[in-house]
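The following pair of complexes shares a single chain, chain A, combined with chain B in the former and chain C in the latter.
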Partner chain A sequence: MKREPPQTVADYGPLFFPAGMLLLFFVVPFGTMIAVSFFQRQEGGFYTPAFVLSNYERFLSAFFGGVLGFSLMLAITVAICCVVLALPFTYLLSRLTRRLQVFWLVALLSVLSLSEVIIGFAWSTLLSRTAGLSNLLVKIGLLDQPVALFPSFGAVLTGMVYQALPYTILVLYPAIVRLDPTLMEAARTLGSSPIRAFFNVLVPALRNTIMATLIMVFIFALGSYLLPQILGRPQHWTLSVLITDQAIYQSNMPFAAAMAVFLVLVTLGLVALTLLIGRKGEKA
Partner chain B sequence: MDNILKKSVSRRAVLGTGVMAAAVLAMPSILRAQDKSLKVGVYGGYFKDSFDKNIFPEFTKATGIAVESVAEPTGEAWLVQLEQASKAGAAPADISMMSQVAMLKGQTTKLWTPLDMAKIPNAKNLLDRFVNKYPDGAVAGIGAVSWYITLVTNTDVYKEAPTSWAAFWDKANADKLGLLALVSNSFLLEITAKTFFGGTNALDTEEGLLKAFDKLAEVKPNVRLWYRDEAQFEQSLKSGEIPMGQYYHDVTGLAASEGHPVRSTFPKEGGVQDSGCWALSRASKKVEEAHIFIDYMSQPAIQATLSRKVGTSPTVKRELLDLNDKEFAAVSSDIEPIIPRYDLYTTKADWLNQKWTELIVG
Partner chain C sequence: MSGLVLNNVTKQFGTFTAVENVQLAVPHGTFVCLLGPSGCGKTTLLRMIAGLEDPTNGAILLDGADITRVPTHKRNLGMVFQSLALFPHLSVGENIAYPLRIRGAPRADQQKRVDELLTLIHLSGYGGRPVSKLSGGQRQRVAIARALALSPRLFLLDEPLSALDAKLREAMQVELRQLQQKLGITTIVVTHDQREAMTMADTVVVMNGGHIRQAASPIEIYRKPADTFVADFIGSTNLIETRADSSGAATIFGHRVQGLVLPAGAQKATISVRPEDVHLTAPGNGSIDGTVTFVRDLGGTIETFVEAGGQQIIAVSTPRERPEVVAGQAVGISLSPDVCVVLKQ
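Coming up: the complex of A and B.
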């Protein structure tokens, strides 16, 4: 079937609805946010329309730079952990029988039904001194007395990886299932060990998928604000936590908006950089 | 108390109460013969439910004024709504219960109709600090209810109750405290000033504030949890995971009465007393009814009912109340309270917030 390029306005008709939705629910709110980020904050009041740069100025400090750096580092670590765990898991999953695959996928989907609050509180109980996992270690004699494993960076990381892992697997799954099984067979026939074949054949073949998954998990993790609060100390709070503080508790919308705009810009920049490097690598 | 209030932020609760309010309105039998009515904003959830059940029906019976209660969110969202609506000449509620910081912010735009004290004879029952005044002396709001933040401990871990806020600074309590995460709701600067610098007047100058921040920095190693969500701390306090901290007196008392190993102590420097005011929106046309309502709510008998049924601390003088010692102790204390420096949270809001965030995050 030959595809005709659209010729009349009506041919573009099907696009109007999604375009309208995108405009209404994304472009307009985002535009409003950008506008508010330049408004004048009125201390002890609200804000007035104006064009000032003071909100951005306040953000450009070593303190907020540190928080931003930590947020990015946390999101990148979560993305890498998720992919490192999910890739072998999904590969092994794809080799199971259909029945078992369905079982695993349903189990993973059910994890997605848990809210961030439930995940946070569940992990804080599991990692607590009074009721947590360390009590088991004491029982089997590995520890002398139970210890609190939260709040800590490890706890935040654990919670966030737990939350993002099902997404990671569900994104990797279609690509891995569709992968030509003869690739691995050829590698094995030529004398490669399974692990070597995994790293030398499977991983390079999935390079683009892995890159896309990393970016997706990274962006997903960057928005997290509840888990760092529940499982972390203040130094583990992400920029999203501080944005919430400004918007909800300080009613300082202009500053909150400026921080959010900055976060979006940095994120887009990093994604663009990643894609650029990926393309260069492909050419080489 | 605030944990009850915070629940109002839950959209579900607000929607639920909204639906219920609509359903009540849809029943003409209730509003039938009432030509006089008043829309009253109270924090949604438990608070509004308690008022609807224990207070408003009696008020209608006594005065013939029908009350339509409106669930309002905590924080400043409601202030923003009232402000925007009054610009359009509308009042989502005639009278609202407002936090002290919201009262001050509303004053800057003259959002509150000054009250005529001649029409509120019962206002003489109030403790002076619960009469909120404009700079020119006009009354902007009248104390509705108050509540205490006190020093709480787990009784299994601390056999002896601590007697002073200074326990927060004790090196023996490393990694054991749960404190509120925001400068404007923890009131830790006031606590520091009262405990170590002779009173909250020490916070008058920027120098004094910085001294308080420095002193407060010494607490940091003792803090395990800086909480925004009360449930997070309450659970840890009950289990002994985080055995000491600051929390709401009434809710802690409730937990203790349910058999949990927790206690609330009024330190010798006093508990922190926070409160809500009744304020009349300038867009409201129900000025007459509003005064009757505020007068009614300021009666000692009504304040006593609030203490017994809702668990709030009375805003009227102790000697006028018929609360017995046990009932009074359940909601308040005779120790002079620490009154938050609300003025700072409007005049120096951003500076304080920045310093505070750098203190606990950095």
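Coming up: the complex of A and C.
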């Protein structure tokens, strides 16, 4: 269906409300944050309007650079783990009977109702030495004595993957359900085993969805600031943890804002890069 | 025996029986159409032959070997799906080369075979195009070429032409039949279109309710339908009640029909008479008398609706032998016994 482009101001009418909301609740706060990132901090107090670059200068150090690198690495790892786990799961889910699918989706949605705090403390108990899963491994003879599996990088990763997995599945689900099931059958009649067909038909056919899901989980994981604190050591703290720390505990709003702006810029850059690579791959 | 043999194949989905005790032999190189209304089990039967469904009971043999439990990807089939199932992320050539690629054929061989097949389906030079840039008929042919890439032992098609418009469909039917004869490949097509089945098949298998009602050549299915369902489903027909009179001779609406013989001992039977076999005469001259209720002149053919014995009988004739009748006129219907097919009860 071909539509005519809008002619008069009135034609744009339906856009006014969402545009207004976006302006009021997104552009204005974000603009405020950018402005604050250039303000002068008052030691022990608040901040005064000014135009200084010291907040950004302070950020350009090996320490914050390292934290930024770690944050990005963690978010990318979480995104990849989630998609790798969710893709086969969602595919198998889409082949179940309608009733079982509804059951699983409701179960996944109920996981979303858990707060980050509860997830964090639940995993810290599960991974602890005294009450954790390692006791089970001792019982079945795989370990000699229980060990503490947290705080560690693995624990942070586990917690964050657990938190992001339901979102990943819910994003992949519609695309996989809509995918023509005869594509996989056709691959089988042409001589592909089901596992090969999964990799050389389903995954490439869902390429764009997988890209979009990776980006979504990546951004979602980048904002996580509780789980790294609960399940990790200080070296596992992400930039989001430091931003929270500066904004709330150090009362250094300008520096927190500068870090947040920087994080947004780096994230946008990475997303743009991913899209660019995706488009190039499509042409080839 | 070489070819495909289905031995008492049954498929149940829960309590629903989709296919029941199907017995069928398809000799090597023949073209078989599974024909029936939707829900008759024809697609399920095809999917069992392909290995996409496991039969609940029975065995499937290909060239003497039992393939009932052989997984699909080891059966060496070519299958064309109703949706065509062309891989959207691959070009035309890559789609056709897919079965060769996953078997690790050298690149040069793949290219050679793809070119051969593109020539076969009259799409030379289309190899590099994305599938989405093709028309419906072209996609159809690409799906066929992909299924034939490995010279499979069995060529299966599930309602392959249903997405095409009527004109293209007719042309593709002829093309498909010619292709099959050229390659001599055992082919099974599922369709609900009887014209399609009549055009292409060596053997038409008419199915209903999970059973095979009749399996025979198209002309035999048309001329000698086995039962009421087949007679009614294939073409249009007049189904007429016949009774035996006191002397045992067959009568229609009380009139004796010379030469028509009912099965021994039967008191009544249903016969099928094709409309083109119904001839109209002057009243009193035929075996049945009736009244014309409507004349439909279609130019190429003329259909005359006659009310006789409380039932409507349709006669079809060509303009050359046009019966000069109008609605309301009394006519006689003459039925020669050799066009009356006594149907199984």
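The rule is short, and it goes like this: the second predicted complex is superposed on the first by the 280 of 284 C-alpha atoms of A that agree within 3 Å, B and C clash if a C-alpha of one lies under 4 Å from a C-alpha of the other, contacts with A are read in each partner's own complex, and residues count from 1 in each chain.
Throughout what follows, a residue touches a chain if its C-beta (ideal position, glycine included) is under 8 Å from a C-beta of that chain, and two chains touch if they have at least 3 such contacts.
Remember, it's a predicted structure, so these values are computed and weren't measured experimentally.
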Open item on the list: Do chain B and chain C fit side by side on chain A in the superposed arrangement, or is it a clash?
Closed with: fit
TODO: Have a look and say if chain B or chain C is in touch with more residues of chain A.
DONE: B
Open item on the list: Looking at A:49, would you say it contacts chain B, chain C, both, or neither? Reply first, second, both or neither.
Closed with: neither
TODO: Give one of first, second, both or neither to describe whether A:141 is in contact with chain B, with chain C, with both, or with none.
DONE: neither
TODO: Mind working out whether A:63 is in touch with chain B, chain C, both or neither, as first, second, both or neither?
DONE: first
- [ ] State whether A:204 touches chain B only (first), chain C only (second), both chains, or neither.
- [x] second
Open item on the list: Between chain B and chain C, whom does A:151 touch in the aligned arrangement: first, second, both, or neither?
Closed with: first
Task: Vertex chain A angle, Cα centres of chain C and chain B, expressed to the nearest 10 degrees - done: 150
- [ ] With both complexes overlaid on chain A, what's the closest CA-to-CA approach of chain B to chain C, in Å?
- [x] 46
Task: Contacting residues of chain C [partner chain A, same complex] - done: 50-52, 71-79, 81-83, 85, 87-90, 98-99, 102-103, 146-147, 149-150, 156
Open item on the list: Touching residues of chain B toward chain A in the complex: what are they?
Closed with: 75-76, 80, 83, 104-105, 108-109, 181-182, 184-185, 224-226, 228-229, 232, 236, 239-241, 346-350, 353-354, 357-358, 360-362
Task: chain A residues within the chain C interface of the complex - done: 180, 182-183, 185-194, 196, 200-201, 204-205, 207
- [ ] Spell out the residues on chain A that touch chain B in their complex, using ranges where they run on.
- [x] 41, 43-46, 58, 63, 66-67, 121, 124, 128-131, 148, 151, 229-230, 233-235, 237, 242, 245-246, 248-252, 255
